[in-house]
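There are two complexes below, and they share subunit A, which is joined by subunit B in the first and by subunit C in the second.
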Partner chain A sequence: MLAYLIRRLFAAAVMLVVIILVVFSIFFLFPKWAGVDIALSFVGKQAGPDAVEAVRLKLGLDDPVFIQAWEFFKGLFAGRTYAAGGDVTHCSAPCFGYSFRTEQSVWPVLTERFPVTLALALGAAVLWLIFGLAAGVLSALKRGTLWDRAAMIVALSGVSLPIYFTGLLSLAIFSHGLGWINAEFVPLEDSFTGWLGGMILPWITLAFLYAAMYARITRATMLEILGEDYIRTARAKGLREQVVIRKHAMRSTMTPILTMLGMDIGALMGGAILTETTFSLPGLGQKVLDAIRTQDLPFILGVTLITSVAVLVANLVVDILYAVIDPRVRLA
Partner chain B sequence: MTAPLHEPTAETAPSAAEEAAVAGTEAKAVQGRSLGRIAWERLKRDKLALAGGVVVLLLIAVALLAPVITALVGQDPESHHEDLIDPLFGTPIGSFGGISGEHLLGIEPVNGRDIFARIVYGARISLLVGFLSAIVAVIIGTVLGILAGFFGGWVDALISRVMDGLLAFPQLLFIIALVSVMPNDMLGLSGTGVRLLMMILVIGFFGWPYIGRVVRGQTLSMREREYVEAARSLGAGRFYILFKELLPNLVAPIIVYTTMMIPTNILTEAALSFLGVGVKPPTASWGQMLSSAIDYYQSDPMYMVIPGVAIFITVLAFNLFGDGVRDALDPKGSR
Partner chain C sequence: MTTQRTSGRRKQAMAAAAVVAALLTTAACGGGGTDNGNGGAKNGAAGFDAANNKVAQADQAKKGGTLKFASSQDADSWDTTRGYYGFMWNFSRYYSRQLVTNKTEPGSAGAEVTPDLASGLAKVSDDGKTYTYTLRDGITWEDGKPITSKDVKYGIERVWAQDVLSGGPTYLKEVLDPKGEYKGPYKDKSKDKLGLKAVETPDDKTIVFHLPKANSDFEEMLALTSASPVRQDKDTKSKYGLHPFSSGPYKFESYNPGKDLTLVRNTEWKQESDPVRKAYPDKITVKFFTNANELDARLIAGDYDLDLAQTGLSPQGRTTALKEHKGNLDNPVSGYIRYATFAQNVKPLDNIHCRKALILGADHVSLQNARGGPIAGGDIGTNMLPPSVPGSEGQKYDPYEIAGANKKGNVAKAKEELKACGKPEGFKTTVAVRNNKPVEVATAESLQASLKKIGVNLEIEQYDGSQYASVVGSPSNVEKKGYGVIIMGWGPDFPSVQGYGLPLWHSDYILESANNNFALIDDKDIDGLFDRYVKTLDDAGKTEIAKEINHKVMEGGYYLPFVFEKFINWRSNRLANVYTTDGYSGQYDFVNVGLKSTK
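Our next item is the complex of A and B:
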């Protein structure tokens, strides 16, 4: 187990370095090749030529690429100081970048917004797991029945609806039309019930999309597994159907679902951009949208990096969980 | 699995060949008909998939004939009709967002552009990006997938790692990042043109691993088959085997995954335009219309419903058709 753990951790560390390099390339290398003035896109046209020149110096954009990459990398772990002559800006570790436009370090802004994103993702995950799995398993067991068809049509519609459209519809119907819910976001510290009211529609909207995906995949996986020989064997040796389903079929069905769950939750740590935008939730995703509108690249960079790291960590956790559940994995 | 693939009925009198096929073993039946034929026979019985296919064809026709259709109703997507707007609220005069004989689906708030014409033109953007980015993904995915599966070793290890990495990471965010750092004009294009090109390339780039993974798996299982060995023993070169022996056998899975990728791409385009990194007004795009509708979802709900329904119908039709094609081409499927 220890050897497996070390191997996994090492692989994750390598992957982390690759991710950092990829994100660096997206923001500093590609634009350079495409002939974009990076300093200008970091600070904006209205800032004036002097400010652009200062940013160019601070980011060291005229240095060789590998030095720039190293500075970027080092900043993440040891903090970074941007200097242009006497004008010095400090960004303490972990330095996910510095917005020259708003004169803020990226990291504190993101950590402040993170709880909203976390609450949205986890709440929705609970809902979609319950409903997605239940619908998928039932459909597989009752294949071809009216229930199966109805559930699969709902699921197919679910994956065909843009999430911001379902979000807007739910706002128009439940909040504005029927007046059941006051869908304004309220911070948890201010009022628990207010917070719950503000989160319920985003949770349901986000969970609906994922539940639809999970139901489709659970059904397909389960049907495949029910056709396997070991299920026939289990039935042949006289096990009760309930035991066959629960102990034999469900266990194998859960394996790919667990992987998906890890990845999906990891990816949502960067904010559900569309959901947060639709419901005006002040999470990471909404910050990305703001950053797009104000052309504030450091924030886009920061969120991209955080999300990638979250996916990496989620992957690692899932891998380790597997090894705990299934001893064969450790040897592979 | 014992059910014949094609059941003769009274109105479709089976030809001699088909009769023999039905009477004979299943293996014989498969031998008698091409893959396309078998798939078509199955697809024909799947009413939902056919309905999806018909809607897809209609949408393609609408997109191609957009100028003709809008000319027929006497509207165009970019003219303003401020006289039909309530000056106080900025919303269209009349019920249901100003729907009238003149403006079939009403008009937009504030500037009063005709929504029907914008929906018709929006279909062009959606389908263009949906199809072309799928083609980009298919080309990259097929080439790299075949190379990985056929050569194995470090080539496979490298390509597979890259595919895993690309699949694992939140695509929308990376697409946003890439699109937002890209220049405003390149390759002689600017404005909407360059944004469309960017979206097609970037969406295609993030889509190729889906195709690549399947192609790699299929290639891996096929490269040791007898027919490949036979070709090799006759002195066929690597590239002959790759493209003349293996590629034709990959057509079915590639078609399936391409059909299933198009609706996802359409949703991504809509999302990007919704977020303001895709197509910008005055060019009409469904996602961008929904994004402007956010501010009016209470005062003018029709403005939000129409583009939303347009996206929904389009994506649903492609999904229904795609599911049908998958079932029809699946050799294991008995449905």
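Our next item is the complex of A and C:
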């Protein structure tokens, strides 16, 4: 198990370096090849040549790309100082870059926004796991019944309807219409009930989409597993149906679900753009959308890296959990 | 990061339906209440257009309370040197003062300049090349220290530090130091960092500006936010916009870019030192939204008082508001003209007759409708001087009868012009339009449809709007891509023909990148008129020259104006002493808005 763990950790570290290099190339190298002046993306509108030159100097954009990449990489661990035109700006480690649009270091802004995204993703994950798994298992066990059909129609709706449909609809009905919920985000430190009120619709909206997918996958996997020989054997042994389902069928069903969960939560760590935008939640998704709109490259770069790392970590955790669930994996 | 698993036309259609459903529900249950038509509303709203160029419910304003703004857009910067957004200039009067500022009066009077930090308007001497101001008594910073002429000079000097403080207008730099000799305060070798020779501060109360060449709009330039004082020991350079040091009635309490902003009273500010600002509320908050529809719903529900960006309600919100809450709306002219311009470096648009054919052949009513119609879009534009600029004749000057006989397009006359241009069968060209402006795309489609009737085939090419400076702002790229028609809009930085038209029409402003003279107008007469304008000191003379410049531009057939733009802006029931002002392009004059109740 230890050797497996070391192997996976080493692979993750190598992958992280590759990700940084690839992401850095996408943002700094490819535009250069395409003849785009990146400095223009770091200055405000109507910036004169002085301003553009100062940005070039500050960011070292005239240096060879590998030196730029090294400076960026170094900044992650040792921080970075930007200086030009008599103005010196220090970006403390881990320096994921500095936005010359908002005059902020990227990392503190992202860490400030991360809890909102985390709360959104985890809260929604709890809901979609409860409802998605329950609906999937029940549908599989009651295959062909009215319950199965109804659950799958709801699941199909969840998969088909975009967040900006369900989100706006939920706002219209529960917040603006019935007035049951004040859907405006309130920081947790200000008021727990206010925070809960602001998060409940985003949780439900996001969970509706994912629960639907999880229900469909759970149903399909469960049906497949219920037809396996070892399930028949378990039943033949005289085990109670509840035990067969819980101890044998569910455990196998959880393997693909776990993979999906890891990937989905990892991806959501970079922000659920549509949900956060629809509900004006100040998370990473909202920030990245704003950064895209204003061409604020350092923030886009920062969120891209965080997302990549989150997916990497989630995969690592899933790999380790696989090994716990299925010993054959450790030997692979 | 994820965009989640959604795509497809069907989903988009569903989303559109959801928006409608959402807003219908909102309309039925919103907290704004209904009004009784165009007049005063039962819920206390002043009535439709009640604050448009006139003061609504002035006597109901009380001291105290929290004025709540909401916005789907943060400022480009809150640094007085760097901000360029119109709403930023308007809002910045809460925390910054200038020697002179726009009058706090509705309509066109609001565009006139009045003393602010200075005790009076400038004493102009030396044939309009010297401007002298004396500061009034009792003016202080937020820490109680007096504002001195040196602070004003230092604040102005920051405009020169473009390598650190880019983004804001640079008129003062161009007028006071056209050769660019001064390098800005951060590279200033003098001990006090006040080395700009064109500005003298003989004592703490006096400031003198020496212009190398007269410029009759100089005082207008001093009314811009970029002329605000900044205290040297409080200058955090590029980070100043995160917490500007206040000289006005409010100061920054907190600011989280893209999330929220809170201003509280500056207790050191004294009402008797400020003849301009009333400072009614105790607190001013801004909440930033990412969902424009949600923002409108919140405004309509009464959760917020004003939209900070002041660019009008979104189409869905507008429909609901017009139907259910008309008494909360105003329909001001924005000061912008929306238009198509013809690039002379793309053949055959180098020929005036081909350009005129496009102007005459276009269906102007259809273009107006594409912009949103007469209320949400604006009146049909007939020339290139906005109604808020002195010298404007509005629709009275209509050389191509755009709003008259030819408003649906005149095919016969257009074909005559095509014949004179040597293209009797028409021609083909490309129209460049920003992809982030759906209304502009709709306008391009409307233009395409109407010009087909005269044999002109327009191919629409959408480009990334944020890259406009290098796409349509580069004449060589325009020529290479064959962008004969460019769709754009423009508003005045300050209400004068110079503040509006200089970058558009003067040959000195044809630039290799970030060019705004898209038509590449290089007309010695127009250049000469601008030169005459800046030397003319009397208002009547300036107005006449502005008219003349406008006529010259229209005679050249460089532009097809679409509309004199209008917005539909929301004001909550809680507001008092509210009015729109030409000083800020038809926006509400933020600095004097009050609340009816302090709760």
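Here, the second predicted complex is superposed on the first by the 323 of 332 C-alpha atoms of A that agree within 3 Å, B and C clash if a C-alpha of one lies under 4 Å from a C-alpha of the other, contacts with A are read in each partner's own complex, and residues count from 1 in each chain.
We take it that contacts are C-beta pairs under 8 Å (C-beta built on N, C-alpha and C of every residue); 3 or more make two chains touch, one makes a residue touch a chain.
All values reported here derive from a predicted model rather than from experimental measurement.
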item	value
Superposition on subunit A - do subunit B and subunit C clash or fit	clash
First, second, both or neither for A:Ala150, with subunit B first and subunit C second	neither
Which of subunit B and subunit C A:Ala93 touches, first, second, both or neither	neither
Touched partner set for A:Ser160, first subunit B, second subunit C, both or neither	both
Partner chain in contact with A:Leu122 - subunit B first, subunit C second, else both or neither	neither
Touching partner for A:Ala78 - first (subunit B), second (subunit C), both, neither	neither
Subunit B versus subunit C as contact partner of A:Leu289, first or second or both or neither	both
Touching partner for A:Val14 - first (subunit B), second (subunit C), both, neither	neither
Of subunit C and subunit B, partner touching more subunit A residues	C
First, second, both or neither for A:Leu168, with subunit B first and subunit C second	both
Touching partner for A:Val303 - first (subunit B), second (subunit C), both, neither	both
Segment of subunit B intruding into subunit C (one of 151-159, 205-213 or 295-303)	295-303
Touching both subunit C and subunit B, counted on subunit A across the two superposed complexes	159-162, 164-165, 168-169, 171-172, 176, 267, 270, 273-274, 277-278, 288-289, 293, 295, 303-304, 307
Contacting residues of subunit B [partner subunit A, same complex]	165, 168-170, 172-174, 176-178, 180-183, 186, 263, 267, 270-271, 274-277, 287, 290-291, 293-294, 297-298, 301, 304-305, 308, 311-312, 315-316, 319-320, 323
Residue ranges of subunit C touching subunit A (in the complex, touch as defined)	1-6, 10-12, 14-15, 17-19, 21-26, 28-30, 74, 76-77, 82, 84, 161-164, 166-167, 169-170, 184, 186-187, 237-239, 241-242, 256-259, 288-291, 293-295, 297-298, 301, 303, 466, 469-470, 514
Touching residues (chain side subunit A, partner subunit B) in the complex	15, 18, 23, 26-27, 30-31, 34-36, 41, 156-157, 159-162, 164-165, 168-169, 171-172, 176, 263, 267, 270, 273-274, 277-278, 288-289, 292-293, 295, 297, 300-301, 303-304, 307-308, 311, 315
Parts of subunit A lying in touch with subunit C, wherever the complex brings them together	37, 40, 43-48, 50-51, 53-54, 84-87, 89, 100-104, 109, 112, 159-166, 168-169, 171-173, 176-179, 184, 206, 209, 213, 267-268, 270-280, 282, 284-290, 293-295, 303-304, 306-307
